[in-house]
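Okay, so subunit A shows up in both of these, paired with subunit B first and subunit C after.
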Partner chain A sequence: MIVAGIEPKAEMVHWWFATGILVLGLLFLAETVVGPEVWARRPWRRYLWPGTMFLLGLLLWPVMALYTNSMIHMVAHGSWAQVLMLSGGAELGVVRGKLHSQYWRLTSAGALLVSGTAFLVHEQNGWFFARAAFLHHALGWTLIVAAVFPLVQAIRPRSIVAASGFAMTFFVVAVLLYCDRDSAAILGHFSQFAGVPHR
Partner chain B sequence: MSADIAHDLHGEREKERVATAATSARVRIVLAIGPAVAGAGVVWAFVQPWRLTVLNPHGQGFWWLIAEPPLYVVLVGVLFRVLIARALVQDLEDAGR
Partner chain C sequence: MKRALLVVAFVALVAPASAFAHASLQKESPSFKQRLAVSPRQIVLQFDQSVDALPKAIQVFTLNGKNIAGTPRAIPAQREIVASLPRLPKGPYTVRWQALSNDGHIVTGVYTFGVRVPAPQVTDAVGAQGPTRTEDIVRWLYFVGLALAVGGIGFRLLIVRGPLSARAQRRFFWVTGIGIVTVLETGITSFLLRGEDFLQLPFSRFLYGDLSPLASGTRFGQTFVIMELGFALVAALIYLAWLTDLNVLLWVAFGLGLVFISGLSLSGHSAADAGHSWLSELADWVHLSAATLWVGGLVQLAVVVWPTSPELRATAFRRFSRLATVLVALLLAAGTYLSILRLPHVHDLWTTGYGHVLLVKLGLVSLALTWGAAHHFIAVPRIERPGVTGTLARTLVGESAVAMAVLLAAAILTDSKPPPQPLPKAPVAAVSQR
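Here is the complex of A and B:
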C-alpha cells in the first residue's frame, strides 16, 4: 500500500505527540508557578494551552485515518481526538468568556479517563510482551489515576496540589511516549512474536 | 512616632519583604524551567546517542532524519525560555510592584 510505504513509523508519531504533551506540561507548570492572575495578564497566553490541546486533538484525526492496523486502534485514536478537542474547546470557551462554570474542567478529567481507558483497551498484549505494550499499560493507568487532578480542580479551582499534579502528569506521559519503540525489550523481556528488537 | 504606627510600618515592610521574596523565587523557577528541560534533552542525547539519527545520517529516509527526540526536548526548552518565560517574568515583576 502506497500510504503505508511513505507514512512515518508509529514510534515517530508517538515522539511527536510526546513533544506536544511536553509543551502542555510546561505551560501548565508555568501557570501553576505564577498563578492564574499573572498568567492571564497577556490575553494571548490564556489561549496557549487550550489551543495546544485542541490542536493535538485535531492532529489525532490523521493518525486515526492513516494508522489503520486494527479497528480498535482506530476507535482508540478517534476517541482521543474527540476528548482532546472537547477538553481544549471547553477551556477555549472558558478563557474567551463564553463559558463560565468551573465545572468545565471536568472535560479534562473525562479526557484523561477516556484516553487512559483507550490505551488499556487497545493494547492486546501483556505488560512484558515488548516495550510498546508495557508503555501502553503504564500510560493507561497513569492517565486513569491522574484524572483525579482535574476532578479536584473542578471542585477546588485554586488547589496548588491538583494543578501541580495535573502538570506533572503531562511530563510523565511525555517521558513514557518518548521511551516508545515499535519493537524493543522492556526490563530484559521481549516476546519472540514482537519482531526484531531495537535499542 | 507612636509605637502603634511604628509597629504597623514594620508589619507592612515585613509583608513587602515576604511578597518580594516569593516573587523572586517564582521568577527564578520560571527562568530555570526552560534551561532544565533543554539540559535534560542534552543529557538524553549523550546517554542514548543512537536516538539521534543525524549523528549517522547515511542511508536514512526522510522521516528518520527529522525524528530526533532529544533535539525536540532541547528545542522545547529553548523556545519556552525565549517565547514564554521572558514575558512571564516581566508580568510577575510588574504584579509584584
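Here is the complex of A and C:
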C-alpha cells in the first residue's frame, strides 16, 4: 500500500461509514417525523442529508484507491462512491433549485439498486457460507428491495410509508455494516453459520 | 453520562480487533522487489489468517519462464505457505502465488525479486505482455477526458471570463462533467487492465487478484492512487461550482487539475526511462498541459460557444487564437526536447516502432497547426464578415477531430517503448588499463 502503516484497518473504515449511514438514517427519519414543511423552515436543514450523502461518496474514493487487495473490492467501492455522490448531488441540485423535476429522486432508487448489486456481485459464496457472506447477501438484497421506496417517492412525494421505509433502510444498512467484520466489537459475532472468527 | 457514552463509542470505533473477509498477504520472504546478495533457500508467504495451499500455490519463474519452486505446503499454525528453492543463479525472478482463504475465495498475487541484480518492476514480471491496443484506447479516452475537463475549465476562466447564458453555462458543465467522469472511469479501467496483464489470470480469478504490488510498488500505481483521489476532488469542485455558481471553485478545480496532470509526467517515459531528469518531467508536464488546454479549448469553442452564444463568438475566437499561439509554441518546444531525449539517433524515427508512431503524431500535429494557422491568419481578420461564422463552425469541428487524433497518437506513443539509449563510452584511460 502507498501509505502502509498509517491507513486504518478495514473494519474501522466499515464502522466509520456505518456511522455516516446511521446519521443519514436519523436525518431521513427526523424529516419524516416532523414533515417536509417543518423540516424546510430552516433552509440549511434541507441541505443536510443530500450534503452528507455527497460527502460520504467523496470519502469513499480513498477507500477505493487505497484498499487494492482485490479487483472486485476496488470496483465495488468505486461504484458505491459514485452512486452516493450522484444521488446526493441530484438531491442537492433539487434543493438548490438547479434541478426541477421530482423524478431526480429516481437517482436514489438507481443508487440503491447499483449498491445492492455491487454487494451481491462482490460476494461469490452462498448465504450461509460464513458470516461475511451472510451479511453481504443481506446488505445486497436489503438495498435492492429498498429501491422501491425512492421509486414511490418520485411518484408520490408525500408518501409517509415510502419516506419511513427509505429512512429505515439506512438504519438496517448501518447495523449490517457494523456487524460486517468477524471480530466486530459492536453487536458481536451473531451468526452460528459464520464459523470461527478469523484470528 | 453523556460524556461516558461518547468515550465508549469513541473507544469502540478507534480500537477494534482486526479481521478481513478473505486472506491478505502480510509478509513475504524474499520480500517484494528485494535484491538479494545470495540465493534464498525457500519462499515463505505469511497471511493474516490460516490458508490452504493449492497445487500451484507458489511458482517461481526464471527469466525464460521455467518454474523452479518445490512442492508448496501450508503451515496453518504460522498462517504460512512455504516452497523450497534450488540454488538460484544471478538474475531476476517472478513469484506467482495463490491461496485458498477461510471464506472459500482464492486470492492470488505476483511479485518479483532479484539475486545479485535489481528486481524488475511487477509490470515486467514473467508472463506480463505489456500494454495492449485496449490500453491504448483507454489511455486515449483518459487524455480526451483531461482535455474536456481541465482544458474546458481553462477555456471558461481564461477565454470566456464573463457570465454565460443559462444554456451555454449548462452545456459547459455537461462537457466538463463528461470529461471528469471519463478521467475517473478510464483511470480505474487502465489500472485494472495493467493489473490483469501482470497477474495473467482468467477473469473469475482476477476478481480476487491482489493488486497492491501494482498500487504500492510501481510509479504507475502510486500515481494512479494520487491522481484518482485528486480528480475525484476536482469532480466534486466542478459539481459544487455548478451548484453554487461560484467561479472561485472553478479556479481551484483548474489549479488542482493542472497539478494532478503532472502524475502522468512523473510516472511515464520522462520519469522512468534512461536520461530522465527533473527537466524532462517538467517538459512532459508542460507538453501535456498545453495540449490539454489547446484541445479542451477547441472543443469548448466548437460545442459550447458557437452553438449557444453568437454574441461571444468573435471575442472568444480572437482570444483563443492568441492563447493557442502560446500553447502551440510551448507544445512544440517541449515536444522537440522530449523527442531528442528519447530518440538518440535521427534514423530511430524510421527504424523503430516508437519512431513510426512519433512520425504519425508529427504529421497529425502539422495538419492541426496548419489548420490553426489558417484560423489565426485568415479567419480572425474576416470574422465579422457575414457567412464566415457558419463556415468556422464546421472548420472548428474539423480541427477538434484532428486534435483528438493527435491525442490517440500520443496515447499509443505513451504505451510504446522508446529505443534503448546507447551505453556511455568507457573512458579511454580505463579501457587501456584493462
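Keep in mind that, in the parts below, the second predicted complex is superposed on the first by the 176 of 199 C-alpha atoms of A that agree within 3 Å, B and C clash if a C-alpha of one lies under 4 Å from a C-alpha of the other, contacts with A are read in each partner's own complex, and residues count from 1 in each chain.
Just so we're on the same page, a contact is a pair of C-beta atoms (placed from the backbone, for glycine too) under 8 Å apart; a residue touches a chain by one contact, two chains touch by 3 or more.
What you see is a predicted model, and the numbers here were worked out from it, not measured in a lab.
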{"item": "Contacts of A:S70 with subunit B and subunit C, given as first, second, both or neither", "value": "second"}
{"item": "Subunit B versus subunit C as contact partner of A:I144, first or second or both or neither", "value": "neither"}
{"item": "Which superposed partner A:L29 touches (first subunit B, second subunit C, both, neither)", "value": "first"}
{"item": "First (subunit B), second (subunit C), both or neither touched by A:V38", "value": "first"}
{"item": "Partner chain in contact with A:L120 - subunit B first, subunit C second, else both or neither", "value": "neither"}
{"item": "First (subunit B), second (subunit C), both or neither touched by A:M168", "value": "neither"}
{"item": "More subunit A residues in contact [subunit B versus subunit C]", "value": "C"}
{"item": "Partner chain(s) touched by A:A132 [first = subunit B, second = subunit C, both, neither]", "value": "second"}
{"item": "Common interface residues of subunit A - those touching subunit B in one complex and subunit C in the other", "value": "9, 12, 15-16, 19, 199"}
{"item": "Sites on subunit B touched by subunit A in the complex", "value": "26, 29-30, 33-34, 37, 48, 50, 63-64, 67, 69, 72-73, 76, 80, 84-85, 87-88, 91-92, 94-95"}
{"item": "Subunit B contact footprint on subunit A (complex, rising order)", "value": "8-9, 12, 15-16, 18-19, 22-23, 26-27, 29-30, 33-34, 37-39, 41-42, 45, 48, 178, 199"}
{"item": "Subunit C residues within the subunit A interface of the complex", "value": "12-14, 16-22, 24, 48-49, 102-105, 107, 184, 188, 191-192, 195, 206-212, 214-216, 221-222, 224-226, 228-229, 232-233, 235-236, 239, 242-244"}
{"item": "Subunit A residues within the subunit C interface of the complex", "value": "1-2, 4, 9-12, 15-16, 19, 54, 58, 61-62, 64-66, 68-72, 74-75, 78, 81-82, 85, 89, 92-93, 96, 98, 124-125, 129-130, 132-133, 181-186, 195, 197-199"}
